[in-house]
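Chain IDs A, B and C follow the sequence of writing; residue 1 opens each chain.
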């Protein structure tokens, strides 16, 4: 056999975007049957490399070698045809078609005459599903599957194209623990089949559980690539961040002032079935729930984004008008939405403009905005939160995910708030930025705000909250203080 | 001798008496239906007035429906009238091809059908003006004015509507007419104003910037002529050195312009009221199975600032047509050009 | 889909960064080419002619730009222009006061804007359909009000001057356009309202969360837009010297074409007044040029159509390229 067993190799890959060098001279190699983790902060370059391998981006320079031969990719079709399959977070399935049709999309087995050979299609799909131990009816419509099952269909698609390399981008962000276990099994089967796997993730515990090798990116360069057995979490984090991170969840303050927000019997037509709780000044209340529990609906109902069918809200004893965002905003509520691009940022506006959006009136005289004052204040926050941006005028859509999130946090820090609701504040954000955001949450609470954090990440929940509420099917099913909370108790309440 | 004279007188009287009686007893249709195609337009508003007046005169019940530019609706209204039982049907076709269906149906049911405005294949008769001849008359009258008052050389800006053949005929007619008086008349600009005053204003302004040496402004309808005049004024040109001729006279705008005594000197009038009037007359004729020409031409005439009030009176915003004068106008037996 | 060749990438990048500069270049190039065909194009008379004729579309375009920035559109301005003309002339005839007539016309504009705004925010009908309905209502309405054109029975000097008068050597419509343009330039770029416009169009949810009353903002923008269109209507009736119920046809398309050519996106959240100004003028130059060069007038619609397609294509290209340059 060839002495290195290397199936995929990239050499001196470079890629630039306006204002940013995403990759500068990256060398990477992947062996057959190897599960290699790609980790790094947001903006470090892993996603860019994946997209180049997927044929979505064209590299500026360098070469790709596949099975020893140079590879030129012109489109996503190309990449799949050659044997590289990328499973993105946004799954690329046709929801209205069946499992079998998706698995063999573009390569349907045909009868003589051109009609689709359904029998063969379904049979071969079953074979492939069997090879990864997946029990699914090939004729089921993909839209009826869970996200986890849909992911499996994508992997099956890779096998139908006899992929030799499968790249997975943050595959577990929307999966339950059981589903994650199933996914790992499937990936191990792919390994047995000799397929090389690149596994992009932020979750270091997964790296050490599943992968053979971990490769770290930082600032567009490959910093280290070691077998998992020869390294540990701290070393990886240090490589990622360039410095060592002591604690992830610094909670310096555990005060509890007066009741700021009182929620009573809040219900909506869709999901919420009567939620009641209180939040105090200086307190961080963490709300946990599985997919569909109703956390985001709760946040939106409190803020007035969605209509409320029953219930009351009280802010420092005074009743708050429901269903009106302007009332909520003026009363001192802030909301960091789960979907930062779709609901939080105005992508075409600049960093400064996004930051000051709720507070811009402060900088206005006679209705005209004094940009000097606005920029000065924004600059303060850029420094305070270490936001990486070429300038204040930079359009916010060009920033990396973590920095965009910091801009949104700055937005709420800038305003004098009473209550802040943070919905998944560190989703899709790398370790380094995560820690900074947790520090900020701590600061917010120290400043006397009532802080509500909605999260699906257990470590974050346990580390950040003074009090934990658990939601399931639109209700609160459990409440635990910081010291008494355990993962098991919380999960039990979440499935109740 | 006296006896023979008496007999002569009696016979003469008898003849007169019986013919009058005969005419008085000429069959008149009881009900006439008219399906118009665009009642909102001033032309049809005036036409309607003439039609209603004549029908009332003769004691004919007139029913009017508006297809409002929808051919399918026109067919269905026509069918409704046929079902209801009108004695004569009049149609102002939305589309000449689409109207062929109505012509066929009417023939099948033996119902007398009059087409107003544009010819339809297979029709019995058309009541309409002659566009070419109308423009021609306007051209002649304008040429006379230019010769008498503007030095005898004619340079023309004509605002046309090339999408409609009748409009092209009017402009062609005008140009031929003016050249009978001034053979070397030049058509400096022939532009498309879409028949609208604001568009005419816009294109005439551009044309005048290109070449402002014109002394005749012609419009294929009044709005076009008036729009061109506005452009001429806005360009700062001398209104004493230009003559304006409009076409149609469907509304009061031209009367007002003439009353001002300015450059608007000629109106190639098409007398919409008379068209309506003649439709009813034609209805009587058809009802009595008289043979009629394929195109019954209604009068057109070039009005001037001194002659318009012989044919129209304007009180406030209501104008009344002078039937005697208009009916007395000679009309072509058929159009010179189609 | 891979990003195509690097040359295309650079072009699109240029589009995003230098949109206005490219437009100015196109304007200058067109002007040079047409003047070569007929030097009369560059004469002062023709330039004033072009600017004066564009003034109505630019003024209405200011409103349309603001509306498009918030993610809405108004197709009723053509019919509104006709109605405003008829009402203004009629009121001046009846009251012998130019001021009253003009006020009546502007009030009609504001009311129409209010109606459009309420239909959008309270009835939640999307503004494309809602304003098309308003367009039909107004066009039918003006004919019900007056079936024939309203002639000028007052001969007021002030009325005449609005569309035909001069301020020094500058035609008054151009002056009006300049004043309104500068005022709204300030509003859009420097005022709170302007910032809120862009936020509302760019991300209505984010705007709401930030405390912006999106409904109220949209209603006010509709009112501003229709009132500006009414100003255009007053200028037109003065220039035509009669209130024509059949005027203004196609005006909305003319304005929207110019606005889109100028770089304002149909998707909301983007747009500049300078782009609108240049876009409208380029469209006007094309129409004017065709007549000045003596070409077949039918080309006016054809060329405008092509220009519009090109403008929307470039707009799409800008939008797509942008969405690719996001996560790194």
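Criterion: a contact is a pair of C-beta atoms (placed from the backbone, for glycine too) under 8 Å apart; a residue touches a chain by one contact, two chains touch by 3 or more.
From a predicted model like this one, the values you see are computed outputs, not experimental measurements.
Student: Answer with line, ring, star, complete or other to describe the graph linking chains that touch.
Tutor: line
Student: Write down the chain pair with more C-beta contact pairs when B-C is set against A-C.
Tutor: A-C
Student: So the centre of each chain is just the mean of its C-alpha atoms; given that, what is the distance between chain A and chain B in Å?
Tutor: Here chain A and chain B have centroids separated by 76 Å.
Student: Just how far, in Å, is the C-alpha centre of chain C from the one of chain B?
Tutor: The answer is 39 Å.
Student: Counting only Cα atoms for the centres, state how far chain A is from chain C in Å.
Tutor: Averaging C-alpha atoms per chain gives centres 43 Å apart.
Student: Pull out every residue in chain A that's touching 2 or more other chains.
Tutor: none
Student: Which of the residues in chain A come into contact with chain C in the complex?
Tutor: 17-18, 20, 22, 42-43, 45, 47-48, 55-58, 73-76, 303, 305, 325-326, 329-330, 334-335, 337, 342-349, 353, 357-358, 360-361, 364, 367-369, 397-398, 400-401, 411
Student: What does chain C use to touch chain B in their complex?
Tutor: Per the touch definition, chain C meets chain B at residues 38, 40, 43, 45-46, 49, 53, 143, 147-149, 151, 164, 236, 239-242, 244, 246-249, 287-288, 291-292, 294, 297-298.
Student: Of all residues in chain B, which touch chain C in the complex?
Tutor: For this pair, the touching residues of chain B are 40, 42, 45, 162, 191-192, 196-198, 201-203, 205-207, 209-210, 223, 226-227, 230, 233-235, 251-253, 256, 317.
Student: Which bits of chain C are touching chain A when the two form their complex?
Tutor: These residues of chain C touch chain A: 1-3, 13, 186, 190-193, 195, 198-199, 202-203, 205-213, 269-270, 322, 325-328.
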